[in-house]
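What follows is chain A paired twice: with chain B in the first complex and chain C in the second.
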Partner chain A sequence: MAAATDDAGDSNEMIRVVSSDGEHFEMPEAAANLSLVLRHMIEDDCADAAGIPLAVVAAKPLAKIVDYCTKHAAKSSGLTIEEAEELKRFDAEFIEVDTDMLYDLLVAADFMGVEGLSKLAVQRTADLIKGKTPEQNRETFGIVNDFTPEEEEEICKENEWAFQITKPPSRLC
Partner chain B sequence: MASPETSRRDEDGQRVGQSAGLPLDALFEILLRLPARDICRLRAVCRSWRALASDRLFIEAHAARYPGPYLADNGGDESCGVNIIDLSSGDVVKRIHTGVRDFRVQRTRLDLVCLVEAPSPLAVTVLNPATGATATCSSAKRISEDYEHLVVSSYVTMDSCALGKVPSTGEYKAFRFLQEKARPSCPCLF
Partner chain C sequence: MSQPNADDDGDCLSTLPDCLLHTVMSLLPARQAVQTCALSRRWRDLWRSMPCLDIDDHELRSTTSTTSPPAGSTPRLSWEKLENFTTNLRFAHNAPFLDRFRLHLPNYRHIAGHPVALETTIGVISPRRLPCIRSWCPVMEAMELKNCVLEFNEIACGTLKSLVIDDCRGCSLQLQPKALAVTAPKLTSLCLRLSVFGFTVSLMEQMISIPANLQMFRHFTS
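The block that comes next holds the complex of A and B.
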C-alpha cells in the first residue's frame, strides 16, 4: 500500500505503526505526517500493511502519541478561536501525566520528531522543576543524589543567592 | 538499542544513567525554559544536571533567550559577587562569583562588565556575565611613555575607565583614566 502521493496530507489512507512491544496502532496519514520520522518513511514508501516498526517506543506512550497526532491533524488548519481553545484544553489535559509517562513521551516525541508534542512535554517538565528545591526535584524525578556532602555544600555556597527562596527577590529602590 | 523502559531503572527502582533518563537534548530544552535562579539551584540536584546547567554552550543559549535589559552591580557588600539585575522586573536574576575582591563595577559595555580597583588600584577586570569568565589586566606594559613615571611613582589612582572593541581585529581595549594625586586627570591607554 504505497502511500506516497502528491497530496499526501489530504489522503484518507490509514498508516500502521508497531510499538517496541509488538502492539499495532493505526492513524490517518495526516496524523502520521506530524511525525518527521513517519513522514519520511511514508515518502519513501516504507508504510506497508505490516506497519512501521518503532523500536524505542512502547505501546503505552505510542497510544498517547497516536491520540495526540490524530487530534492535531484533524484540527491542523483554519482553526476558529473556539477550536484553538479546545485544542489548548486538549493539550493541557493530555499532558497531565505522571513523570514516568512524561519521560516516555519526551523520549518518544524526540525520537519520532513530533515537534508540537516535544514542546508540550518539555514545557510540562520545566513547570514541574520550577521553584523547587534540589531535594524536591530529586523526589519528583527519582534522581539519586550523587554528590558528596562536601560537594553539595560547596555548590550551595557557590549558588547561595539562588537558594534564598523564602526571601522575596531583591528589588531596585 | 535498549528501550527506555528497561534502561532507565536499576533494581531498586531508582533512575540511573545519563540525565536520570531524560534525553540530553530534551533536558537542554527544558532548562532553557527556566529562570536563572532555578538553573543555579538545579546544579545541586545531581552531577549530570550540574554538568549541563554549568555548560558554556547552555549558558550562552540561556543568555540569548533572555536578552534583558540588565544592570550589573557589586552586591552591596565585600563579597566577590556581581549581581545581574533584570531592569524590567528589578529581580536579581544571577549572581556571579568573580574571585576578585573589593572591586567596583565601573560600567557594562559590549555585554561585558568592567570591574576596577582590584586586585590593585590600577587593575581592570573584565567579566563575561554569560560564562562567568574574567580577564584581569593589572600590568601597565603599554602605557604611554609620557606617563610611565606616574605608574612607577604609584601616586596615581583609577578615576574611570572605558571599554571598546576594535572591529577589524576583534581586540578589546580599555581606556583607563588615571588621576595623579593633586593633579588633573590624564588618559592612559593600554
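The block that comes next holds the complex of A and C.
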C-alpha cells in the first residue's frame, strides 16, 4: 500500500475488476492493492482495460469490497486519532449486514486476500454466535438441525460438560 | 444492532471450509466453541480440531451461554467447574497443533488453595505434568502468565521462545522466598513484571545465552 501511495504515477490509476455476473467496477490502484490477489495480478501486468475477472465474487459483495478498499486505501497512512476513529466507525457500519451478505463477504474477502475485511467479517460472525444458545444460532444462520433424536441425545450426553452440568440432556440442544 | 434474518434459501455458513469456520470459532470462548457441536452434523466435531482455545473462567460462571450457574455458587464450586471443563476439553480436543491457548482466571486467588487443579489445568508449567502437556501441545512457543499465584517452581519447555510473567506471585502460604526456575533452551524473549516481593526467578544455565530482548521490571529480591 505504502509503495502504491508513494508512487504518484500509479496511485492515480484506476483498476477495473469484473464480477462473476459480469458487472464492471473501478477502484484506485492503492485500493486494489489491499487485495493480495489483485496486487499480484497488477504486478504481473494482468490489469488491463477489460478488467480483472473475479470468477467467484458476485456484483453485490464486490461493490461492498470496492467500497471497503477505497475507503481504507485513502486512509492507509499517517492516521490522526480522529481519522482512525472514523475508520473504525466506518467498519462498524460497513459490517452491519445480513447473514447472506456476511457469508458472501467472508468468502470473497478470503478469496481476494483482503486481510482487514476478512478479520472484520470473521469477528462479526463470531459476535453473532457469542452468547447465544445453539437453537438461537440455528435461527440466525438458518442452520437445519439434521440430527436424529438418538444422535442429538448422544451429542448432548457426550458434551454435557460444555453445557450445564445440572441441566437435563434433553434440553441441551 | 440489527439482527440478520435467517437465510430462507439454506445455510450458507455451514458450507464454508473448515479453516474459515475454525477462524470464526477461534474468536469464541472455549465453552461457546464446543457448544457449536449441537448445531448440526456439519458442526458436530468441528470444534475438536480448532487450533485456538480460549478458556475463560468468567465464561464458565456467566449466564450468557445456556443457563445461569446456581445462585450462590461458591468459589470452590466455580473452580471445580473450571477444572472439570478444562479436563474434558483436553480429553476431547484433538487438533494436530495448537496456535493459541489462553487460560483466563480473573479470580486467581482461588488457585492457591487448589494446587493439584492448577497442575491439571496448566500442567505445561509443572515438570511432573510436562509429558502430558507435551503430547497435547508439543510446539508451544509463547506463554504468558498474568495475575497468577504460582504454585509451581519450575517452568520447563523445550520449544518455548517467548515467556511473559506479569504480576504473578508465589504461594502466600510459603514463608521462604520462592524461586522459579525456567528451563527453556530456545527462549529469545523474556518479560518479567513481578509485583510481589519475596519471589525470585532464576534462569537455568543452559537456557541463558543472553536473550536478545530481556526485559525486567520491578524485581523481586529477598
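Criterion: the second predicted complex is superposed on the first by the 153 of 173 C-alpha atoms of A that agree within 3 Å, B and C clash if a C-alpha of one lies under 4 Å from a C-alpha of the other, contacts with A are read in each partner's own complex, and residues count from 1 in each chain.
Basically, a residue touches a chain if its C-beta (ideal position, glycine included) is under 8 Å from a C-beta of that chain, and two chains touch if they have at least 3 such contacts.
What you see is a predicted model; the values in this text were computed from it and never measured.
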When chain B and chain C are modelled together on chain A, clash or fit: clash
Which superposed partner A:Ser20 touches (first chain B, second chain C, both, neither): first
First (chain B), second (chain C), both or neither touched by A:Cys46: neither
Which superposed partner A:Val56 touches (first chain B, second chain C, both, neither): first
Touched partner set for A:Glu139, first chain B, second chain C, both or neither: second
Which superposed partner A:Asp98 touches (first chain B, second chain C, both, neither): second
Interface residues of chain A shared between complexes with chain B and chain C: 103, 106-107, 110, 122-123, 125-126, 129-131, 133-134, 137-138, 141-147, 152, 155-156, 158-159, 161-163, 165, 172
Complex contacts: residues of chain A adjacent to chain B: 20, 55-56, 58, 103-104, 106-107, 110, 118, 121-123, 125-126, 129-134, 137-138, 141-147, 152, 155-156, 158-163, 165, 169-172
Parts of chain A lying in touch with chain C, wherever the complex brings them together: 96-100, 102-103, 106-107, 110, 122-123, 125-126, 128-131, 133-134, 137-147, 151-152, 155-156, 158-159, 161-167, 172-173
Contacting residues of chain B [partner chain A, same complex]: 1, 3-5, 8, 13-16, 20-23, 25-26, 29-31, 33-47, 49-50, 71, 81, 83, 85, 87, 89-92, 95, 97
Complex interface listing, chain C residues touching chain A: 1-14, 16, 20, 23-25, 27-29, 31-32, 34-44, 64-67, 70, 81, 84-85, 88-89, 92
